[in-house]
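Letters A, B and C mark the chains as written, and numbering starts fresh at 1 in each.
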Amino acid sequence: MKPGNELKTAHSPSHIPDDWFNWKEKDKDEAETVARPSLSYWQDAWRRLAKNKLAMLGLVFLVLLAIMAIFGPILSPYQVNTQNLPNQYQPPSAEHWFGTDSAGRDVFTRTWYGARISLFVGVMAALIDVTIGIIWGGISGYKGGRTDNIMMRIIEILYGLPYLLVVILLLVVLGPSLSTIIIALTVTGWVGMARIVRGQVLQIKNYEFVLASKSFGTKSARIIRKNLLPNSMGPIIVQMTLTVPSAIFAEAFLSFIGLGIQAPYASWGVMANDSLGAILSGNWWTLFFPAFFISFTMFAFNVLGDGLQDALDPKLRK
Amino acid sequence: MEKILHVENLHVTFTTYGGTVQAVRGVDFHLNKGETLAIVGESGCGKSVTSNAIMRLIPDPPGKITNGSILFKGQDLAKFSEKKMRSIRGVDISMIFQDPMTALNPTLTIGTQLMEGLRTHRKVTSEQAKKKAIEMMDLVGISNPEERLKQYPHQFSGGMRQRIVIAIALICEPDLLIADEPTTALDVTIQAQILELFEKIQDTTGVSIILITHDLGVVAKIADRIAVMYAGKIIETGTKREIFYEPQHPYTKGLLNSVPRLDLKEDRLSPIDGTPPDLFSPPQACAFAARCPYAMEVCDKVYPADTELSESHKVSCWLQDKRAKQLLALAPTN
Amino acid sequence: MLKYILKRFMIMLVTLWIIITLTFILMVNVPGSPFNSDQSSNETIKANLEAHYNLDAPYHIQYLNYLKSVATFDFGPSIKQPNQTVNDLLGRGFPISLELGLVTIAVAVISGIILGIIAALRHNGFIDYMAMGFAVLGISIPNFILATLLIQQLAVNLNLLPPATWSSPAHMVMPVLALATGPMAIIARLTRSTMLEVLTQDYIKMARAKGLSPWKIVFKHALRNALMPVVTIMGTLLAGILTGTFVIEQIFAIPGMGKYFVESINQRDYPVIMGTTVFYSAFLILMLFLVDIAYGILDPRIKFHKKGGE
């Protein structure tokens, strides 16, 4: 049929100039332009994280805390364990910014030493968890089959063990010290990380690009290193960020039940535990500073972890 | 013929992280009583948004009907309150979703989900509801209905679940059924069965159907009329015969050429080059111009008005202009 | 379903056995433990220990004895408190700890779920931000610090509540609040996020398309699905609450099991440490088992899956 023969309304609006009826020059680029600038995964994640005010607050706090943990004790004229009994329970002043405790020790100095211990315990525990978790979960998820089955059974059983009870038991036997606390925290702590890594690996393993490199005969170790790990970094980073505060909490908790880090170290948990009696007598600052820093550090890690989770999970992108 | 639904100048926008998306940009169409209208287009062209807008199921925020009217039996649904809308949904207008695997609540029995609509909108005893539910299960072709009402969704196959979803949609005997890609998630053999079920249902109940799909095969089987959507606008409507045999819009032609057909002797499928426009800032003139093999200068400058080729066939394209036909006669290719 | 329960039960037994064996191995190696015979204290205690643990026998006999005594729920005598058995301490402390724990769980679960639902329904609204800000704080402040803050404010400064011990409902307020805030915050966050996810599901849209009221959609269609993940973390939360009782009971001087446990740690009263650890573990593992079963009952898919094969 010939179009136009049956036109009911003459479709030739006169206000449209005739010379517009010419074939358009084909502009290849026009069809191909992408409206939004493309950002790499990490740039995009960072942009989203930067938009999250709470997460940025946490990040800034943690950076400042790390700086103070390194330089704070140097700034202070006092030693961490120098007792000065006549000087006990001084309220915060120009000399002692955070006051002094029951033994006349400077709370400001002790707080930054405590930050060293707490951050060290938290970060070390997280790093060890990640290392074991990646190896265990990576192998389990990648190998699959029988290996996976056995490795997962072990995880399942370890997962059922009550975490803090095992930690307590180990510390009773090993005796509390900086290294034993970290060991005790990681003995069963890595299980959660291993589960996450395994889940990620299982998911990514079947993506086409992994199958492709497999079909080229790439070695397993290389596939794990080059393909699987970079693509599962997001959840691993988030899990790490959330491991740190729970380790800090566990250390403080252990101090409270008498299994904390022993002198000459002073962790926030030990400081808080030492000053329990002091709150009844109104010397609030001895408890306030360690309590504030434990809580705010955990808060900072938690909000940063939440922020990272949102930023690294493109599924949530709106 | 009685118009059961008349959508006029419908605009829907979504406010998102990256800006405002103009998902539907002035859609006009109508649906006659007892007929099946297919709305066809690529994914993202706004066809699902249009159907959700009719049900007023656009989540607000971020979505919003910014302009236009949805006249259903003479009443403008776009102006209805949420409460008033609830008495329409499931009673006068029902909806069927794309994926039967996710459309049923995994923790409730089929019976509960089937009878729920009836018990909400009609004053029925549980005996009556059950009787009606069994009747519906029979209608959609599920054997052993009494037994199966007590089962959970995961105990049914995908095709069976879609039958259940259809039964749920029809239990209050609606006048209008909106089916959003009802066969996309199913196997080809099951697709055919579900399409037959639609025909059977329309014969027995006389329900009017809006079928949203990107699959022209589905359309060929059960649609009476077809509306082709592109970038938030309807660019061509007509009867099934008109669209399939006398397509006017280059996009419609492109769509038809990109699916295999037995009645044409071409041995090659030709895809449409390029991608649909960004709906964050859609072109004011013809949105297809950037991909159109027949694009003229005018196409980037002014949006073409509808040309009525027959009672039922309408198209928005500058190629209908006399001057374009002269150009086509002079220099047919570019 | 039966197969599923049986499998969980086997895992439970293995876990329990590991804990019991672990305590034995560790205790054998600790100087001053009952298995390490150089007890220098009180003669009566020494005699009691000898009688109970058969300390002259080789380790594997001791181990079997130990397994037998655990199986018969006999944890032996205390080293530090003459004429007290571990069972005496458990019998006295457990009911009090259980009461504290149950009230805490009830408070945490009910308020957490309500808070989570409200936040999800007011997604990105003021209430949502308030509730979630509160929840992050709740997760971040350790229970023992919250406890001391509460004592300082409510008991010392305002003199509203008794600062310690366990004798009336008023005494319960602060310990429960201190212990429940963390789990409540976790439940609230989880309920909110799963609720938000569930609300985008097709079956919710389908329920809306049926013309159901918002209340019915939330309570009949969304909540049950949204609470599944909450059930799965109940085990972890219970463990947290249980270990939380150690410090909370100590801070508030509540004569529960946790208080005895912490005292036994400080005094290195090994039989009490062993007995309570095993008891706590058994209790927790049993709870985890029950949580698993509850999950199986709540989610019809699990029943089918396990019945259908594997």
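The rule is simple: contacts are C-beta pairs under 8 Å (C-beta built on N, C-alpha and C of every residue); 3 or more make two chains touch, one makes a residue touch a chain.
These numbers come from a predicted model, not from an experiment.
A summary of chain positions shows that the Cα centroid lying nearest the centre of all protein Cα atoms is that of chain A. Comparing the CA-atom centres of all chains against that of chain B, the greatest distance is found for C. Centres computed as Cα averages put chain A at a distance of 46 Å from chain B.
A separation of 53 Å divides the Cα centre of chain B from that of chain C. Centre-to-centre, using mean CA coordinates, chain A is 25 Å away from chain C.
Residues of chain C that touch chain B in their complex: 201-203, 205-213, 216, 220-221, 224-225, 298-301, 304.
Here chain B touches chain A in the complex through residues 16-18, 62, 246, 248, 273-275, 278, 280-281, 289-291, 294-302, 305, 307-310, 318, 320-327, 331, 334, going by the rule given at the top. Chain contact summary for the complex, chain C toward chain A: residues 11-12, 14-15, 18-19, 22-23, 26-27, 29-30, 136-137, 139-142, 144-145, 148-149, 151-152, 156, 239, 242-243, 246-247, 250-251, 262, 265-266, 268, 270, 273, 277, 280-281, 284-285, 288.
Touching chain C in their complex are the following residues of chain B: 55, 57, 85-91, 94-95, 97-99, 102-108, 116-117, 120-121, 152, 154-155, 165, 168-169.
Listed in rising order, the residues of chain A touching chain C in the complex are 54, 156-157, 160-166, 168-170, 172-173, 245, 249, 252-253, 256-259, 272, 276, 279-280, 282, 284, 287, 291, 294-296, 298-299, 302-303, 306.
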